[in-house]
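What follows is a pair of complexes built around chain A, which joins chain B in one and chain C in the other.
Presenting the complex of A and B:
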């Protein structure tokens, strides 16, 4: 494993009766923030559980912070902070009790920072978990993780089910954490807006496979939707990276993942009139990516 | 094995189950009070209540300590801590055992003291009561171990049913072992080879249950 990698998956697979994670190759550099985007049931949580050593892969190798997983999970988990949407704290205990518990386990526990986070997230340490709202529970779990300064943060859909204010608070605190350039974050969500906001690299996962991975800016730079007026008798040229072509009468909409300004001239030379070239949002890129891959698989 | 971490896991469960411990102690004390307060009828009612308190607290522990960990999704939180599967298992097995031993020991000592201190109760009952108390411990360990291995409420409920039926069958069988039955209602405590063999078999069963649990847990590939 390269010394600079925080996470390295090599040919990882895991089979369940109705789902299979196949041939996962994933590299996450130290200090980077990777957004892991996929629909429900795409394999995000399974990948993260394998990363944490909570699920043993059937094949392939996983290294996290230099530790082979799941064999060296105890050492790795000392340096990983894991928050999952379906993770709960103990209902019968208070937030303060959880803070004490974590403080006893992790020497790096920072009580001052924990108190700050409690104030920022509007959490009352003496409150029992039983009486917390979903948003407060997520924020409590996040506080318990952040206040021990883990080298790697693994966040499995932490913003799912949060109201807009709570989401803003959680993402805001994560943005602050990102200021520490030694901190690595793997953040999964099906909400592309959240991922886009904090990630510098994006990985799309669907049907148990990684379908694309790259840095955020290059996605935004290379994906375009072109609207063309195509007169009768004109044939559009074959453009590289064309993901989808839709035609209604004279109107054609082309989606490409490797846009080059020269494409405009190519279409014009062929006799088509370029009406607009639009940048795409991450949600559009994600949906287009997933749909075209599914179409290829089904075909 | 990180013993400090296992100790912390046990203390965590001890804290979370503190009301069950207090409740079972209170129930046990009430049952003992009934046993000595209302003559022969009180003795039988009290004994039934004692057995009920012990079995109920053992089963309750298995559900709240183990099954609920998965059901209430706290397992992900625990397993995200720097612990191994074996340390988690050790924490659960020992927490179940140690917490249960609090009411169990109090009720066993209370029952034996009651028998020995009450002239009207035959002292020969001591071996039988001890064997049956340990049988409750075996049943509780059985339910806990199945709950830990399966993490399933359905399996745990099935085990509770099997354990309770098994307890009554064992009680009937032990009472009908000729050498045990011969001295059971006598005025003195007699530990004959049959009683000792049954008692040792119960202790070996507990050891086998724990060994099996650690074996299965160490080979598990999924924790959440």
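Presenting the complex of A and C:
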């Protein structure tokens, strides 16, 4: 039973000679937007391919909009819009030709919306794909998918290579999709700022595993960097969720993933002075998280 | 099918250089709109989803801001009915209070770092406050 889940992965794995996706659990609620963050080669694209039924998992169950994948991919794909880097448009044809083609295949095609998107994305329908820049290709692919009103959007790096104005427009259009609470978005990005801004839930992937997944607000809330002055002879109490500790002379920098205001008092009682408690950006959390886990694996 | 997006401009702006969490920025600006009388008691305000779309921030962030505003008695959110400004909005500056406490702590730390005595620090704070009062007169 998936209930309100648009996407549900249960114990999914896939082995390649040089890479393995292991034990992936993923739950994406209908009406929400999930940001998928990971370094290059972390497994984001492979996960999305399994979701789309383009790659068959070795083990585990995948359910998308109530369809079991990859068996029911034909039915599922009618309701999914997928954009990835290697999606090709026909070089010799115009954007308008592509719009007509998609319009014939998908009954939900909305020409008014497509025209609106062309204006906002600064695309000229009469232009041939051959002459388009990378950014224009990405925007064209997005336009072709958005104008079908799919219930689930799966976007692999939708903002990579876009200029700031185009990025702003694209994020705005993605948020408009979410104005309809039955529609759902999963997107991957290295741009942690985009993810921080628009996603409801975030999932970190590294080396083929999900290392963290959860509600964005509480996630950002639980991480802190603390700077402490530790006089000689004082031992810091062991605090829960400590991800990293750096000591230089009397100064200690502690990063925790389960911050509690009581930690300040705890350190003070032990004889250390809290100099500052700082919130962290997504980027800082991501880097800290990945580095410390990799260190542990290598050690 | 496709409708032009909601024309209910909130006038709220999210700053990328503001280090506070986005939900706090939203809370503060909603309170400001009410304080200056742009949004009147009992008036309907943008729904959580509308504001999220307009600000290009996640639904969960706006939801968090509205939840806190509801708890503080600034707005009233009814499930499925949207949100309105409370009939007697309580604009007690709790956020500013926390902000002030933080800045005072920071001043105390800097004072210690610079070797300024607590008395000297208090004196300087008083002078700064007096200067501000004079400017406003």
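Things worth noting here:
Here, the second predicted complex is superposed on the first by the 299 of 299 C-alpha atoms of A that agree within 3 Å, B and C clash if a C-alpha of one lies under 4 Å from a C-alpha of the other, contacts with A are read in each partner's own complex, and residues count from 1 in each chain.
Throughout what follows, a contact is a pair of C-beta atoms (placed from the backbone, for glycine too) under 8 Å apart; a residue touches a chain by one contact, two chains touch by 3 or more.
Note that the structure is a prediction, hence the values are computed from the model and not measured.
Once chain A is used to superpose the two complexes, chain B occupies space next to chain C without a clash. Contacts of A:29 after superposition on the shared chain: neither chain B nor chain C is touched. Judged by the touch definition given at the top, the superposed model places A:279 against chain C, while chain B stays out of reach. When the two complexes are overlaid on their common chain A, residue A:291 makes contact with neither chain B nor chain C. Contact with chain C, but none with chain B, is seen for A:175 once the two complexes are overlaid on the shared chain. When the shared chain is aligned, no partner comes close enough to touch A:10: not chain B, not chain C. Shared-chain residue A:220: touches chain C; no touch with chain B.
For the three-chain arrangement built by superposition, the Cα-centre angle with chain A at its corner and chain B and chain C at its ends equals 150°, in steps of 10. Using the contact criterion defined above for the overlaid structures, shared-chain residue A:260 touches neither chain B nor chain C, since it reaches no partner. When the two structures are aligned on the shared chain, A:212 is found in touch with neither chain B nor chain C.
Figure legend note: chain B and chain C, brought together by superposition on chain A, show a least Cα distance of 22 Å.
When both complexes are aligned on chain A by C-alpha atoms, no chain A residue touches chain B in the first and chain C in the second. Contact residues of chain B toward chain A in the complex are 2, 5, 8, 12, 15-16, 72-74, 76-77, 79-84, 87, 221-224.
Those residues of chain C lying in contact with chain A across their complex are 1-2, 4-6, 16, 19, 21-23, 49-50, 52-53, 56-61, 64, 109. The part of chain A that touches chain C in the complex is made up of residues 31-33, 110, 112-113, 116, 149, 168, 171-172, 175-176, 178-179, 181, 193, 197-201, 215-217, 220-221, 275-276, 279.
Contacts from chain A toward chain B in the complex involve residues 49, 52, 54-56, 73-75, 77-78, 80, 82, 84, 86-93, 97, 101, 104-105, 141.
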